[in-house]
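Input: a single structure, listed below in structure tokens.
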């Protein structure tokens, strides 16, 4: 394993030091327990948005802390959900008197740790609501699994709910909007190569020189199907059809699309893939209102990509266009 | 080779299609010959900034086209400089009557092709100046080489000169500012793994499981020294000392720092590396006024990073802070 | 023949060593059907629990178990952190006053811990989780105690049952946790959590009734 | 015994095939001391030049050479694009009116092309570039012509000299182009451009005087 790190056990705290140094005007970092808040937190009178999860998915979540998006992010160890004390302390630190929304990707560890955190918060009199993101259509049968995983829609949800909170909407409104975003969002990912967890020291899985993993999770969890590589056009078609068929998205639907890199895919290829998707979307009569192309929710150095589609209405597009000022997403204002 | 592409020979044009689809409001794409311009080009009364180079370094240069930065970018084949007809047509397309500055990274191919392009432009009555970026301190002896390569400083130069042009400064002023940025900027890069040029189909070089390449170029050209991997702290120290000693940067100097990923390095690691650099900079009494951490000038999927330092004064920092609205860099305004 | 506070401290210290040594093995199991962090999660959590107990020795078994629970909750994360945390927390609630645990109390504590895990994680036996090792271990404790045996024998039976439980996960299709995403492909792998649970009971056998 | 326009068209067609076949070899050479694109650069450029000439056959050698130059300039890029482009362009300027090239004219054209390459790229013999194959090839042409030989023999000598020139680059340290960044590490590799030049002259031997 060759990584730009010192000791595997120090990766997360040392990366936090770098984030703090890189964004001194915008972020505050707590080390014990570990969380990141926007510099001006708590914002009085604003619903606080708190998310978190295992590290290794950067810019998610720490890179999305700032005006118009998250108030706080709690990084766990690499691919390991954060602990309740982190989430509780972060929530307390950013509470502006209007309660907090916990944004949780649906993994057993995240759910359990955030549950305990919410209990702790409520015991202290903080109002907490939670939204569970479970948009990964690669997980087919929710009955016999831990349920669909939370992946790409998380990014879009944090942006849209963040805008609503910034506008001063109340907790119930922001929470129900967030749930609606989750309901309207679908994702599917694939990998060309594995990632390597620093503490594990070797790749999580092996793929042959012509093998790919379809339906990969963002933790290098093996996916739905191991198969042979194919041209980008076919890959995008197959993945897009799976996503489109699930909601299902229909002709005339307005969407926000994200073509997301897993961390190790050249941007050149991501644009090529987006071009394939845009053509297909036009063919299907889908109206792509907004898009993101780049690395937004990653899996360390994994090569691969995911496609996320979110069905939107005017209100969501407006919230999307609201200013956002974070290390990972920035526009307007 | 597993890549998200169709045929290797179509990669560049298909990626352009994706860029066009992703940024319809901001970019215009020409396919014959290939170049990208800002949507509102030509901007009357503004000096036009035109750059270009081989593809595979995204977001450089196409991702830096837009208000406050480049007027046009000319993508060559992967790692192959563009041809004169591209540069000439792009320059013509964005000329706003105040002449154009060609921003050229110092590689034989880029220099020769841009030279011919400038000749063609001048033959048509266009005023063209050129700035050569040659900031790579890994190339020690300029006497016995093609001279120092243009790497990270290119990004900072395009931003700062772009701001000056947007403010309405004239060609001579923008060109001399650009040259000053080049003189004050220094970079050094390293690689953990090779990149794979699509048409070559296999990695450009092989590194053993514990080997790294110090002083790597952005085309996977082998570097100054092949050595064994070491902790991030030592890597950053060694690279930063090389950069600092070259200008040389001195205690009290104000700098813009860029910790740049080569394309396949997790953002988590880039932040960790930036943390190491920030500590070292503080120890040396360097004042880091602004910073960039992320993938800005890449080498396809190469794992590795580079450090760029630019000595700045008030005027440069102000220009840095001016609004910029491109796919790859965006703030203010 | 009772379990003392000191036994619990030794047990946790032994687990810290065991998980340290077995870290890559557990992580490899997790790489195959999960996300390659179970080994470092367990090693980190139990090293912290050991340090905590040794830094400020607890007075009672309940205090020791509760402190372990708190440390695990704070340092492990993931699915296993809250589940093992709950295991020790629920175990602690059964013996608030006891200075040491007799066979009945030991059974009650570990049974309550296991129930806690099942309540939090909603997993049944056969879902390919740590529950597949915990439940047979508690059954073995109960049978052994019903047969009039003391903690040493009870724990020996429990450790054997946990190992069998661990092995029973090999052919199963996972229905809970991260491995469940794999569907049929989760077959023919040991569950990492059931494996760490078997190690937990093996260490209990060697240290809790020593 | 003169070089016709048709010979030039065949030469370029042969080169398109050769560079197509040798693409990975040239790219491998470039991977070792450059950026792994020389093979695709040459294959792309000469395929385009062949198509251009075959789509609309040129009338004179100068027209053919100039068309090749323009296509190479427009399709190759990199260092080799402008250099080979200059080579053909300068060659074309020496024989604007000729309907075919005799030995003197052939020598003059290729010598002018080579000088053009040297003017543009500023490389001397020994810098480990295509110049190391071009210059000895022109010397051989000149000697052969001085000895009274005709194009077929001249080109055979030139091809042999270019091959020797190519081989001479093997032990050299590069001082121009991308390989120069490698310093001492550029030793013990053939220069990709000198190799493509040797192929260019081998094809000239086989097709220019056929």
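As written, the chain order gives the labels A, B, C and D, with residue 1 at the start of each chain.
In the analysis below, a contact is a pair of C-beta atoms (placed from the backbone, for glycine too) under 8 Å apart; a residue touches a chain by one contact, two chains touch by 3 or more.
Owing to the predicted nature of the structure, the values given are computational and were not obtained by experimental measurement.
Shared contact partners of chain A and chain C: not a single chain qualifies.
With centres set at the average Cα position, the gap from chain C to chain D is 74 Å. In terms of their C-alpha centroids, the spacing between chain A and chain B amounts to 29 Å. Chain A and chain D, compared by their mean Cα positions, are separated by 54 Å. Within chain A, residues 78 each touch two or more of the remaining chains. Within chain D, contacts with two or more other chains are made by no residue at all. In terms of which chains touch, the assembly is arranged as an unbranched chain of neighbours.
Going by the touch rule set out above, the chain pairs that meet are A-B, A-C, B-D. Within the complex formed with chain D, the residues of chain B that make contact are 8-9, 33, 54, 76-85, 107-109, 112-113, 115-116, 138-141, 144-146, 149, 197, 199-202, 204-205, 217, 219-224. Per the touch definition, chain D reaches chain B in the complex via residues 23-24, 27-28, 31-37, 39-41, 44, 73-83, 120-121, 173, 175-178, 180-183, 185. Contacts from chain B toward chain A in the complex involve residues 2-7, 11-12, 14-22, 55-56, 58-59, 63, 78, 192-193, 207, 209-210, 212, 229, 231-233, 235, 259, 263-276, 278-279, 291, 293, 295, 298, 300-301, 303, 305, 327, 330-331.
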